[in-house]
Amino acid sequence: MSDSTTPQNFEPRIVAFFCNWCTYTAADLAGTARMKYAANVRVIRTMCSGRFDPQFVFAAFREGADAVLLGGCHPGDCHYMEGNYKALRRFFLMRRFLESMGIERDRIRLEWIAASEGDKVQRTINDMTAAVRALGPLSMEKRALLHSADLSAAIDKPESRPAATKGGAA
Amino acid sequence: MSAEMSTNGAPKVGVYVCHCGINIAHTVDVNACTAFAASLPYVTVAREYKFMCSDPGQEIIQQDLRDGKINRVVVASCSPLMHEGTFRKATAVGGGNAFMFQMANIREHVSWVTLDKEMATDKAKALIAAAVSRVVHHAPLVRNRVPVHPDVMIVGGGIAGIHAALTMADAGKKVYLVEREPTIGGHMAKFDKTFPTLDCSACILTPKMSAVRSHPNITLWTYSEVAEVSGFVGNFKVKVRRKPRYVKEDQCVGCLDCIDACIYKTAKVPDEFNVGLSKRKPIYVPFPQATPLVAVIDPETCIEFKTHRCKKSCAEVCQKDAIDFTQTEQIAEVEVGSIILATGFKTFDATRIARYGYGKYANVYTSLEVERMVNAAGPTAGEVKLADGSKPKSVAIVHCVGSRDAHTNRYCSRVCCMYSLKLAHLLKERTEAEVYNFYIDMRTPGKGYEEFYDRLLQENVHFVRGRVAEISDWAMEKQEEGKLTIRVEDTLVGVVRRIPVDMVVLSVGLEPQADADDVRRKFNISCSHEGWFLERHPKLAPVSTFTDGVFLAGACQGPKDIPDSVAQAGAAAAEALALIDRGYVELEPNTAYSREELCSSCHTCVALCPYGAITFDTTKHAAVVNGALCKGCGTCVASCPSGALQQNLFTDEQIFEEIKGVLKYV
Amino acid sequence: MEQWHGWDKVSYESDLDHQFADEITSIPGGEKLFSCIQCGTCSGMCPLSTYMDFTPRQIVAMIRAGFRGEVLSSYTTWLCASCYSCTVACPQEIKITEIMYAAKRIALRDGVHPKRFPAQVLAGEFFDGVQRTGRSNEGPLLFRLFLKTKPLKMLGYAGLGLGLFRRGRISAKIESIKRKGELRTLLKTIENEHWVRRSPRSEHKETTK
Amino acid sequence: MKYLYYPGCSMKSTGKPYEESMLAVFSALNQGLEELVDWNCCGATAYMSISELKAFALSARNFALAEQQAVNGETNLIVPCAACYLGLNKAQKNLEEHKDIRAIIDKGLASAGLSYTGRFKVRHPLDVLVNDIGLETIQKRSIRPLAGLKVACYYGCQLVRPYAEFDDAHEPMVMDRLVTALGGTPVPWPLKTRCCGGSLTGTIPEVGLRLSYILLREAQQRGCDVIATACPLCQFNLECYQPKVSKMYKERIDIPILFFSQLMGLAFGLDRRPLGLHRLFVPFDRTFPVAAAEGGAHVG
């Protein structure tokens, strides 16, 4: 897989946003169970995946992240009823936007990880780290693009009244 | 309240890196992290210490606060879910505001999960930098207090629910006890004897059941289920669906004349309480000590419900006119401050292991069926009989059916070894049969348990160490003809044995209730992988959940025997009492607020809030947040195009700073 | 008849091969072997365990403990008929049948298999035939097998062979695929890789060193 | 749906009556089978004792050929021999789950000008007959129902273990249901997946034959008229060694061993010769009258 242009020692930096109740707890569980995984992911905690603002993702890329991982409760399990559905809708839009800027699909990922799924945290982080390592660092040009883009205009807030958004996100 | 840089003077951040013994220090270079922290902007103090959470550790922080060296605190140690409360308190005690604090999780997220020391240290540094750059933008906050409703709801009327209810009621609290079945008592009411003392289950349980019935502080709702839960700790609203029994509970005196009078002269319907080993009539009580002792009509089988042409002899004979075919489902709504879930377990469905022949061979029984069989009040009046009515001369008890197996349940069901020993004893006592126990490991930890095993070893019971491979009716030799043959490796001898027996008892494991997933959603709690309700912390908060005010008792949290269920029920009651007697709860101040002047009146947030906490104020032309209703998810904040909405502790600025910090240095 | 000469039943650590388990578990999914709880389900399920010198459960324990010589020279693996009843019943999902194959392969390679059973001859004959023609030819195969192993018993089976021949169920003709070169290239390329799979455990050991 | 058909070596020799009857039955159901061109040995069990990787390579070539040949979008490969069914499935599973194995096999295939995507699914004819074609169709086609015929359905081991997903690994039922649809009576017995001795009958006869004996004896004791099999090796072991087994255990063992497809052919009213019935060692001479009522068998 490894590309000759990719430095062998490239260690990607991945910023993760985890919700407090499911995925952050699962990451704690992975720790308590001493599951070993790649050290490339740095977690920022919010109370709910509903708090994940697309701007956070762009900011992470801008500030030097090679990838962004989002983690929330499984559908139907949100501690705040449906914040994760909001996260999902934003995710699809956000990924499309990033792709349009030439940022590869594998650099942004959304996973549902329940509080009991420590092993899934381990698996997800290992998989993602390997995938991003294969992609290599995010180029400076693309980061620069994110600097210049008028993001608030580009990402029209996807929410409107629930009835209008029924039927999917992308 | 604003999250702008506080008025608390220029930011002076103290960073405290914890060794956690060697838990962190073994993998993370604590000294390097401390030196790194000292180099960060606004950091005025950076220290390391063996155990930051200990009294002396907290004292270090407090002293620095008192000395005016710092006005913001970062502790790099374990998960905030573990000790955030501890350090916030320490910060407050030292004279700071509890929320001018941030934690960096370098144990669960770093030292315990990383092999490489260098990478672990780098990751720890990044997390510390993130916390520092964020805490600079923290603002002092106050917690709101809300009163706690003193009533409690207990869901499930097995031994755990009963014990919790009596404990709470005896402490003077009003208790609603909700039970799905027509009677309380749960699984324990089905057993004949209890291990390891062999005292009679009914003798110790029925007095508690009638105490529930007569207790002035307990409202007992049997044949009822929780339909809906709303609200939050201290202030839950619960809707309970009360199914119609078609017998008025307040009129029925439990004479049971109606049952005798039913036009069905013989019982035809499989009796749920006797796990199908006997039959009941459409009008019935589950068992003679049922509490409340009130008959129930099963509309699925009652002639009146099916044809409307029954002569209703049950109603005719009732002197209290208690029979009421017109009853309908009722919804009762109550307010309570706390909830204890004691919804119990179900036994493993033995048909799932085809090799054991349950459902195929008449003389293969589950342990629960045999519990009923050996019960003097059971379907056979305590006699152990084969399908043809004869007494078995040999019995095999097969352990670990549906437990310790990747194809069914990986976990050990914990109670089966002991109840198998108990059944071995009872079967020996009742039938004088040869009794074989087939086990993988004999698990008897508990007071008096190993002694009980020792006793059985002396009772001429055979013990074969090996998991039974298959049970079948093909005979290889004369002795096996007409019998069930167990094929198993006697692992202690290293030889495969074939043992013909008359009867097989499958010691089925414990599983979460079939609807555990629906129930946990109703109460907004989590389940473990296997489907058991998840406790807040396996050791330090075993009866709490991640939802404040909802507690767990008994086997709904994991397989448990009677002593453990009762102990846990007591613990859950104590937690609920502590909550009630404190009288109030302090809420996390992580609610949303609106900077009204920035609101662009798009209304997006109003429709998004699942709690209806946001309204649009037409005079101010701005969205406003009702802090009492807001639960602090932050969904509205992420959706606000103008940045008018912000969330305390999670403002845009704080999170952007955290992102910058986590990437800037390492 | 048996005379007791006295023996020392202690297994010294120096007698054991602690790399053996890693070698065996290098097969795909082989690491599950370490999860064995010694319940004996495999032996109880196995229709052949009653003829084995060690039960499948014992073999697993012996592999884990490093009894290399005993495992490789035991009859157990050669008695395995690959019916997979152990594998599907194992509560820890250990691929016991595949473990048996792995042990057989190592025993054949090292030439330490028990000489009593012709199973390895069958395997070898089969292997050669398929390499050559792309197909297995039961008639010629059985013929060669009996010639190699028990020429005198041939007579006992001659009737059966004749019966099969008469019923058109066996023939002396050698069936072969058309594009033999294609198959040869495929197998040669793979052989030239000299590929050795590593067990996750031995890899883990390396990285933590 | 069209199917590609992978015979495997045994179907061309000892299992000839299996192939003949199976093809006859499928054509009676108007279901064409197209034989895989230039197929090679699946890699089977003995091969795996020497080099597992080469066994995978052999299987992979078959899949690669199937993908080449599938011009009409076929994705099902019918494999009647239980050993081939297992071997091909095993190779596919390993290629799917283990990237390292996949990489090396891909390399080998490429060197021979072949490629593999894994889109073919290995199917046993029993699975296809019951789940694709359907018992209703089969029942309708059964103009001479096997009335009163007591059948021990013997699945053998490798057909249902460990990869088959269409039935239970210890208590499979498809063949029982098929026999019922044909108008016969499946006899309950607990040995339907117990090993027949496999290749041990050839290598260690004293053990292999005992396994066959256990099966034959139990079927006979339960009053079965015939044992129905779904694997060439099982059929061979159970049928061809009956005289030997009788002598060894001093017990008369005499029970016809048919392929399930032969029973189907009989129920369909096909001639005996195209079903390969003349190739049996233990003759099966029963004939079944045409059902009186229109529409074929009456099944209770």
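Going by the order they are written in, the chains are A, B, C and D; count residues from 1 in each one.
Note that in this section a residue touches a chain if its C-beta (ideal position, glycine included) is under 8 Å from a C-beta of that chain, and two chains touch if they have at least 3 such contacts.
These figures come from a predicted structure and were not determined experimentally.
Q: If you walk touching chains, what's the least steps from subunit A to subunit C?
A: The fewest touching-chain steps linking subunit A to subunit C number 2.
Q: Across the interfaces C-D and B-D, which one involves more C-beta pairs in contact?
A: Most contacts of the two pairs: C-D.
Q: Could you please state the distance in Å, as a whole number, between where the Cα atoms of subunit C are centred and where those of subunit D are centred?
A: 24
Q: Averaging over Cα atoms per chain, report the distance between subunit B and subunit C in Å.
A: 48
Q: How far is the middle of subunit A from the middle of subunit B, if each middle is the mean of its Cα atoms, in Å?
A: 31
Q: Going by the touch rule set out above, which residues of subunit B reach two or more other chains?
A: In subunit B, 115, 355, 470 touch at least two other chains.
Q: For subunit A, give me the residues that contact two or more of the other chains.
A: Within subunit A, no residue contacts more than one other chain.
Q: Which subunit C residues sit where two or more other chains touch them?
A: 89 - these are the residues of subunit C that touch more than one other chain.
Q: Per the contact definition, I'd like the list of subunit D residues that touch subunit C in the complex.
A: The touching residues are 9-10, 12-17, 38-41, 43-54, 57-58, 61, 86, 94, 97-98, 100-101, 104-105, 107-109, 111-114, 157-158, 161-162, 169-170, 193-195, 197-200, 202-204, 207-208, 211, 214, 240-241, 278-281.
Q: Which of the residues in subunit B end up touching subunit A in this complex?
A: 79-82, 105, 107-110, 112-116, 119-120, 122-123, 126-127, 130, 521, 524, 526-529, 534, 546-547, 590, 602, 604, 607-608, 610, 631-635, 637-641, 647, 650, 652, 655-656, 658-660, 662-664
Q: Could you pull out which subunit B residues touch subunit C in their complex?
A: 115, 355, 400, 404-407, 440-441, 465-470, 487-491, 494-496
Q: Flag every residue of subunit C that touches subunit B in the complex, lowest number first.
A: Spelled out, the residues of subunit C in touch with subunit B are 37-46, 49-50, 54-55, 57-58, 89-93, 207-208.
Q: Where on subunit C is subunit D touching in the complex?
A: Answer in residue numbers: 27-29, 47-48, 51, 78-79, 81-85, 87-89, 97, 101, 104-105, 108, 117-120, 122-124, 126-127, 130, 134-139, 142, 145, 160, 163-164, 167-171, 175, 177-179, 182-183, 185-191, 193, 195, 197.
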